[in-house]
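Below: one structure in structure tokens.
The first chain written gets the first letter, and so on, giving A, B, C, D, E and F; residue counts start at 1 in each chain.
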Amino acid sequence: MSTHAVYVMSAYLVALVILGGLLISSLAARQRVRRELSARGLERKR
Amino acid sequence: MSGFVALVARDLRLVWRRPGDVAVVLAFFVVATTLFPLGIGPEANVLARIAAGVLWCAALFAALLSLDRLFAADFEDGTLDLLLLAPWPLELAALAKCCAHWIVTGLPLAVLAPLLGVAFGLEPAVLLALSATLLVGTPTLSLIGGLAAALTLGARKSGALLALLALPLCVPTLIFGAGAVEALATGGDFRAHIAVLAALALVALATTPWAIAAALRQAGE
Amino acid sequence: MSGFVALVARDLRLVWRRPGDVAVVLAFFVVATTLFPLGIGPEANVLARIAAGVLWCAALFAALLSLDRLFAADFEDGTLDLLLLAPWPLELAALAKCCAHWIVTGLPLAVLAPLLGVAFGLEPAVLLALSATLLVGTPTLSLIGGLAAALTLGARKSGALLALLALPLCVPTLIFGAGAVEALATGGDFRAHIAVLAALALVALATTPWAIAAALRQAGE
Amino acid sequence: MATPLLEVADLACRRGGRRVFERLSFSLGPGELLALTGRNGSGKTTLLRALALLIRPDTGSIHWQGTDVAAEPDAWRGRLAWLGHLEGLKADLSVAENLLAAERLRGAPPAGDRLDSALVAFDLSVLARRAMRTLSAGQRRRTALARVVLTQAPLWLLDEPLNALDAPAQAAFRGALASHLASGGLAIAATHADLGVAGARTLELGEPQKASA
Amino acid sequence: MATPLLEVADLACRRGGRRVFERLSFSLGPGELLALTGRNGSGKTTLLRALALLIRPDTGSIHWQGTDVAAEPDAWRGRLAWLGHLEGLKADLSVAENLLAAERLRGAPPAGDRLDSALVAFDLSVLARRAMRTLSAGQRRRTALARVVLTQAPLWLLDEPLNALDAPAQAAFRGALASHLASGGLAIAATHADLGVAGARTLELGEPQKASA
Amino acid sequence: MADLHFLANPARFRRFSQRVVPSLSVATALMLAVGLYLALLQSPPDYQQGDTVRIMFVHVPSAWLAMAGYALLAGLGASLLIWRHPLAALMARAAAPVGAGFCAVCLLTGSLWGRPMWGAYWVWDARLTSMLLLFFLYLGHIALSRAYDEPDRGDRAAAILALIGVINLPIIKFSVDWWNTLHQPASVARLGGPSIHPSILVPLLWMAATLFLLFVLLVLLRTDTEIDRRRLENAEQQA
């Protein structure tokens, strides 16, 4: 890629960080809540 | 209807009991406006250029600052329960509170703004226009701000949260308010701007009382 | 001393319980800053010219908005009585409250301001300078604002009154803060401005805790 | 027992996700007083707020003269007098102004000499023009009680009405309550003390399982 | 009577320009309880606030073990436990956090297992982790009483401590007060009800002219 | 009893989401791989904008999704306030940060595009400004829904805000447009016109579909978590 590759790459990087961050934090939160639920003996219904 | 009048009257009487409160909002407006020349520097052409925008922004802040207690005082001392229990529509009560708020802030702000405009070097015609836009625009601010105040009832740190909720919704009013003054100064279409301001006020009038009432009901739970 | 740490810790814990509160103040700062271009118009040269002043004014408002509950919450639920009855100097308690306030507002504001400066088209060096002035200047705002918050305890509509009391006292900080940025941009003496800012902070540190303590005692009567 | 005016059937409420009471039923006729008792946190305040439609019950119904009160909430509100933990009095207004403003907010015409007699009943005449913020805890509570009397509403909902009252004020309250009941009024009062009204019925709220009456 | 620890001489206070009481003198020794009674507005709250140096009396003096308390206000404050009409509890913190924070604010080390026993004493153990704002009136009051017990201060100043408490909580309070007194503590409590402590002295506040004890 | 009532809709939702999420994740990942190839390698540079045109393939879909997200919030708000649909509150709570995230992506990629195209990261242009205000509306919604101790109250307050906000969105957009045309800086370049070349249109639509799937996936995942979290809170309160 030519002249403005920096901007293109950083744009894609920013999108990756934000959307990937959303995905990872969503998964992490889900894991955490599930673990706490089962720690309380409340297995997920269905 | 008699309840509406009674509520407006009670709020005005409460303000009358402490005339300082209104004075404080107005004084804040004056001080805030004068801060900008201090922060920005004294160049006359820059100041005249930004005057309408700064005055409108300061009016917006002043209106919001005085809004945070609009329902909070009634909420904390239990009067809100009495309003919820009054045998007439809560929407009217919401409107009455906003109405009283406008009388004690919007109206005086509109009167005061031209005096400050002089300090920024505005023309007499522009000063009048400034006053007119504030007169038409501030009811919208009171209504939207009232909604934000009702939504944040019982939430902590409501001062800043209220501003965060209200400011984006007030942007159109700000744009057309400051824009109208600008239009007059630069030969644009002043009338059209004022018409849009009035239309915004009508939209707010038609929607916010219901939303405020809904917010108050759930605050009472 | 342990009481001082305990009080700072308790206040930080109260904030930690609601991390949103800090976010809201910062969001207000961002929203308020963007209002000015909307009111004033989008011309890049005008905006760059007034950027430092606007950002400093917005930081001032954000700090003040978040101050109105600094002592009010403690006052209304009776915790202030407990602080007054604590067997260590009230001056330290006052300092602790202001300290906690600065950690959760002044510090983040200084970090955030350069990002907003970009939207006004400021140069990188100027952005850094802006951050530096805020870092040195905001403690003064927290202290003076704390004094105003203490003085307005028990008064109604304290939001606007607080702003009115605090704003004039904050003017020197504002002038030298915005002035320092300006100086850097126009080749003036940046160092001297920062030195004055630091001196102002020291004066505030040396005087306000006593005044705040006196005001709090007064409010307890 | 008189023909019931108020009928509450199968009421259940939750606060913050916790069930406070359920399957609560009772009815109340003219001239009757229901005293709500029970441990702290048993749901007395919650029940009163549910009756006033200030919180939405989970299940159950409230009928007044046979019609569901939720159908005509404004009419129902017009029949209520409310005294909460918080008094709903403005610190900046005087006692008399507070009472007048409360009356007007209910949409009633200014109270005239009824105001005077309410002030006399609670020994507030000398305080009538004092600002609320300068009153002691009991003086505030007496003002709130005077407001309840002024409403002339058929149903009083009172949350710990005796709080902070001295002995003469408690007697004044008992007198006002007795004459309200004698004239066919109804009252529901949460209390930890004895209300001292002969023939009062009592509803003891307990653990959710136990609550019923 | 035991040797007096607290001596109040010739105290006079005014509120809003009105004289509330004057020429008030009393003394209190270890293990003694002084119940403040009197009509609403007779000055009980005012007296308590004056004793805590929260308001400045017109005339008169307060001595503790023979030294004027105004001379060393911090030391005096360290000897007080305060319970006002307002509880001084943070709605956002839990019961346990509120109690710990209050302890730390007094400069005391964290209470450790004393905290647990205070929670047990007022039946708050199950509520310990609940946020204050979700508690009922009586549950809040019990938390405030637990804070008083935790201070281990020699002098308790209590404004209507029985307000909003149910019968078991009242008993718990009486027990805590009795053991405080038994260990040589002092207490002054404004109240309209009987505190139910044998051998309590009573100071009845009345019209300004009458006040003395 | 009440637990069953509460779980009635969430349980059905959960059965649905459990069936959909695995295949959805796979589909999203595959489409993303293809989309990135199309966007970054296969498509030719634009004759005018050079390689920077590639920013468009994330920028424009995020803008669409950010706007659609707020409409979704308003719809969920209405169904919470009118029908008291218990799932609506949880889904709104889940969707708001996702919408705000896409809004942030649009703003930031736009800024990074603006620097080479306009010479500035930010100009006070109508489209930019109204997008910024949309971001603020999202922030207000998120802050409000979390500002209460009782999550139910936050949900309902935020629902009211979303409804008023969606009325205001067109007003904001329209006013900002008008405002800007008064002082439009001439330098603002704009691709557009009726005919976008297929070599650009195909990757654009492909990425739009991909990001749409990602949006749905995120909302489903987070709603699932919110259901569990609410159950956890209930359990804690009951204890």
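We adopt the following convention: a residue touches a chain if its C-beta (ideal position, glycine included) is under 8 Å from a C-beta of that chain, and two chains touch if they have at least 3 such contacts.
Computed from a predicted model, the values in this text were never measured in an experiment.
S.K.: Quick one: which chains contact chain C and chain F both?
M.R.: Chains that touch both chain C and chain F, as defined above, are B, E.
S.K.: Suppose you hop from chain A to any chain it touches, then on again the same way; how many hops at least until you reach chain C?
M.R.: So the least number of steps between the two chains is 2.
S.K.: Of every pair of chains, which is linked by the largest number of C-beta contacts?
M.R.: B-C
S.K.: Based only on mean CA positions, could you tell me how far chain B sits from chain C in angstrom?
M.R.: 24
S.K.: What is the distance in Å between the mean C-alpha positions of chain A and chain B?
M.R.: The answer is 41 Å.
S.K.: Per the centroid of Cα atoms for each chain, what is the distance between chain B and chain F, given in Å?
M.R.: 31
S.K.: Using mean CA coordinates as chain centres, what's the chain A-chain D distance in Å?
M.R.: 53
S.K.: Of all residues in chain D, which are in touch with two or more distinct other chains?
M.R.: 16, 85, 92
S.K.: Could you say which residues in chain F touch two or more other chains, in rising order?
M.R.: Only 133, 136, 139-140, 143, 147, 149-150, 176, 179, 182 qualify.
S.K.: Which chain pairs here would you call touching?
M.R.: Those chain pairs which touch are A-F, B-C, B-D, B-F, C-E, C-F, D-E, D-F, E-F.
S.K.: What residues on chain C touch chain B, complex-wise?
M.R.: It comes out as residues 18, 21, 24-25, 27-28, 31-32, 35-36, 38-41, 46, 49-50, 52-54, 56-57, 60-62, 65-66, 68-69, 76, 156-157, 159-161, 163-164, 167-168, 171, 174-175, 178, 182.
S.K.: Mind pulling up the chain E residues that touch chain F in the complex?
M.R.: That would be residues 91-92, 131, 133-134 of chain E.
S.K.: Where on chain D is chain F touching in the complex?
M.R.: Those in contact with chain F are residues 12, 14, 16-19, 58.
S.K.: Which bits of chain D are touching chain B when the two form their complex?
M.R.: Residues in contact with chain B: 52, 54-56, 74-75, 77-78, 80, 82, 84-93, 97, 101-102, 104-107.
S.K.: In the complex, go through chain A and note every residue touching chain F.
M.R.: 1-5, 7-8, 10-12, 14-15, 18-19, 21-23, 26-27, 29-30, 33-34, 36-37, 40, 42, 44-46
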